[in-house]
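What follows is a set of notes on a single structure, which appears directly below.
Labels for the chains are A, B, C and D, by order of writing; each one numbers its residues from 1.
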Amino acid sequence: MSQYQELKEQCYAANMQLPQLGLVLFTFGNASVVDREKQVFAIKPSGVPYATLTAEDIVIVDFAGKPVEGQKRPSSDTKTHAVLYAHWEHIGGIVHTHSTYATAWAQAQLDIPILGTTHADHLTTDVPCAPPMSDQMIAGDYEHQTGWQIINEFQRRGFSPAEVEMVLLSNHAPFTWGATVEKAVYNSAVLEEVARMAYLSCTLRPDVPRLKDALIQKHYDRKHGVHSYYGQS
Amino acid sequence: MSQYQELKEQCYAANMQLPQLGLVLFTFGNASVVDREKQVFAIKPSGVPYATLTAEDIVIVDFAGKPVEGQKRPSSDTKTHAVLYAHWEHIGGIVHTHSTYATAWAQAQLDIPILGTTHADHLTTDVPCAPPMSDQMIAGDYEHQTGWQIINEFQRRGFSPAEVEMVLLSNHAPFTWGATVEKAVYNSAVLEEVARMAYLSCTLRPDVPRLKDALIQKHYDRKHGVHSYYGQS
Amino acid sequence: MSQYQELKEQCYAANMQLPQLGLVLFTFGNASVVDREKQVFAIKPSGVPYATLTAEDIVIVDFAGKPVEGQKRPSSDTKTHAVLYAHWEHIGGIVHTHSTYATAWAQAQLDIPILGTTHADHLTTDVPCAPPMSDQMIAGDYEHQTGWQIINEFQRRGFSPAEVEMVLLSNHAPFTWGATVEKAVYNSAVLEEVARMAYLSCTLRPDVPRLKDALIQKHYDRKHGVHSYYGQS
Amino acid sequence: MSQYQELKEQCYAANMQLPQLGLVLFTFGNASVVDREKQVFAIKPSGVPYATLTAEDIVIVDFAGKPVEGQKRPSSDTKTHAVLYAHWEHIGGIVHTHSTYATAWAQAQLDIPILGTTHADHLTTDVPCAPPMSDQMIAGDYEHQTGWQIINEFQRRGFSPAEVEMVLLSNHAPFTWGATVEKAVYNSAVLEEVARMAYLSCTLRPDVPRLKDALIQKHYDRKHGVHSYYGQS
């Protein structure tokens, strides 16, 4: 049995949640899980429908994006995952989808403004939308550069990937991550709902104000830090 | 067996209706039921997914928001429920959701205007949206103050919680209630549909007029009062 | 066994289709079937949830809206059905729903413009929206007057109920009918889809032009008249 | 057994996917499959509900639109399919639906602008919307002319049906095609999702810019040509 068997099964289970949560159509998405000790991650193969996907199809890849084990070609987004794992050392899983409302915001090249506590319970900033990549970056090693576009945008804004676990890529779609791949999947579903609510609020009232700072901080503190009181300890 | 067994099971059943009615994602919502004689209420534990929730997980709390029985931490919104039960003596159940369209209106900080008889069959006013809380209220005992924000808004508008069984909290989401928790759940579903229809009407025709008074009164009388003729007597 | 047993079962089956087609929430809708020989119609009882409805619950009513058989109170909309049956002698069934998009147009007090062939395959006019009723009509025998509001609007526009089998009531919701109740149910589902498509087209392009006359006529002729060539003959 | 048995079953299976993918209501759609050797195609019969459709109901038609085998009347759109098969020799299957968002764009008489990579992964142009047909074309052999309206629009724009496998017909609805009918069905589902995302982006930000050329080309190359690296080779 493969030394990566458990990693593959965890990756398989995470990928299978995406269609169940209504976040992917056909093959439009992928989830990956990292093994920090072995310096590899497991990722969905490219273009394989969820209906026929098995744990055996999952591909093991190193941080340079090079396949280590598996009979199939890994997701075409593999190099983006690889860059993020290599540079953000605390994250355990990454999810990429083309979920409808989050992608609509990415196409509009707009941050999702923080308008309510559903949003503030998960992050205390707008959901950042990284700008379109330069023609040079696109013409080069595109998926590798996509990872850098995300990292550079976080540096430019002074965002921590431990605090802001999601990003939109202009004209493309969202990526989310987390300490575990289960958290990354959860974040993708939360992002889609936050994107939908913000779409509705903004089309209903174009001048809708952002959430006031006191409320942002309060909802953040409810779920985080020493005085948190949400969930079971 | 606990003296609260029946109360817990009623609370559990009400909570389980929320995902079935499409009103909650993950753990974003909670229902509670009061026992007026024992001066306690049963409420969902904090952060427990509906898929694994059991009647045993339900927490019993007094009107000060202090847990009386149960192994789990109660919902982080518990103090809001407690304030409402303590001050509105006729209500038997409360439901809080982040249902999509109602929350979009709350984020937009707008009352839901009464535009049709679907709305008028249930309440004869706009659905009130309580304004954002002051920084002082937020910094203090936030969930307790949330209850007061609702009560104060009803007093300011001269609304009776027996007549208007729902409210939006600016930047947050809706609360509904009723003589029973089943009615409170029903009201949450009705509110979401009313919010959706009003969103569509307002984006289709921004200057859409409110319902005329004669029609508001007529639909109200069909369901209420001595001359009511809706439903089985 | 009741002489109306078959009528009741046909009415029951039609009513049960409404939640299956996503056209009603809770008890917000009703279907009726007429027996022209016996001069009665069968209709859903008032306020009974679809989950517990049985054929035995169906109420038999005469054209004055007076119950003839049945243990329950008939739908609060019964008199509207009665007026339509009494005055439009060719119709065999009527359906009333508060389906979301059709109701949103009714709340906006707007006709649904004919924008495409999905619409033109079913009717060659805009879906008419009858204006709000006068205060006098509302204060009087409201549901009876609702039927007259529909009939008067058709007369004012020169519409035939055999050609236009649907109407919106301002601030209220749609009614549909047909030679059979099955056709009336079908028309309710078609209306909801036509209302949804028109909402999307109008919000995407507010100055969207109506369908050109040649196309309206062509699609109408495909399904109707001596040269029809749609469906199996 | 019919010499067309396999063709009929393939056609039946493709048609049955349409309601499963949420692309058709009642009988509003049809899929066809061509047999280039026998110079015939199999198509859904007219007006038969999907719930009762069987492989035996499928009709075999020649490229002039004349039925060759089958007891039922073929789809009223048969001549449109026939024209496309006769003139576009490489296509193997055609699908016509009235899917909601794609139809809303067709009603608005607007191309669907290319706004993101979801779109660019499938075609590198806007989704073309053919203009309304002239009154003369409509009054003539309408469905035959519909096919010509599509072909002429592709010629006018210099589009290849091998590269652009979808079109909107103004005031009507979409047609899609592909090397196989399975690909044509896939294209219909992709088109509906692309139409939905573009609707959301355009209503959120009316001045949303089209995708930059470098990104269009990059996503096209990922799936096509000698350097493609999407999917399993």
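Rule of thumb we're sticking to: contacts are C-beta pairs under 8 Å (C-beta built on N, C-alpha and C of every residue); 3 or more make two chains touch, one makes a residue touch a chain.
Bear in mind the structure is a predicted one, so any value in this text is a computation, not a measurement.
Seen from the C-alpha centroid of subunit D, the farthest chain centroid is that of B. The distance from the centre of subunit A to the centre of subunit C, with each centre set as the mean of the Cα atoms, comes to 47 Å.
Separation between the centroids of subunit A and subunit B, computed from CA atoms only, is 33 Å. Counting partner chains per residue, subunit A shows two or more touched chains at residues 203. In terms of which chains touch, the assembly is arranged as a closed ring, every chain touching its two neighbours and no others. According to the touch criterion at the top of this document, the contacting chain pairs are A-B, A-D, B-C, C-D. Of all residues in subunit C, those touching subunit D in their complex are 115-118, 186, 189-190, 193, 196-198, 200-201, 203-205, 208-209, 211-212, 214-215, 218, 222, 229-233.
Put simply, subunit B touches subunit A in their complex at residues 25-26, 28, 45-48, 72-73, 76, 98, 100-101, 103-110, 132-133, 135, 138-139, 142, 171-173, 199, 202-203.
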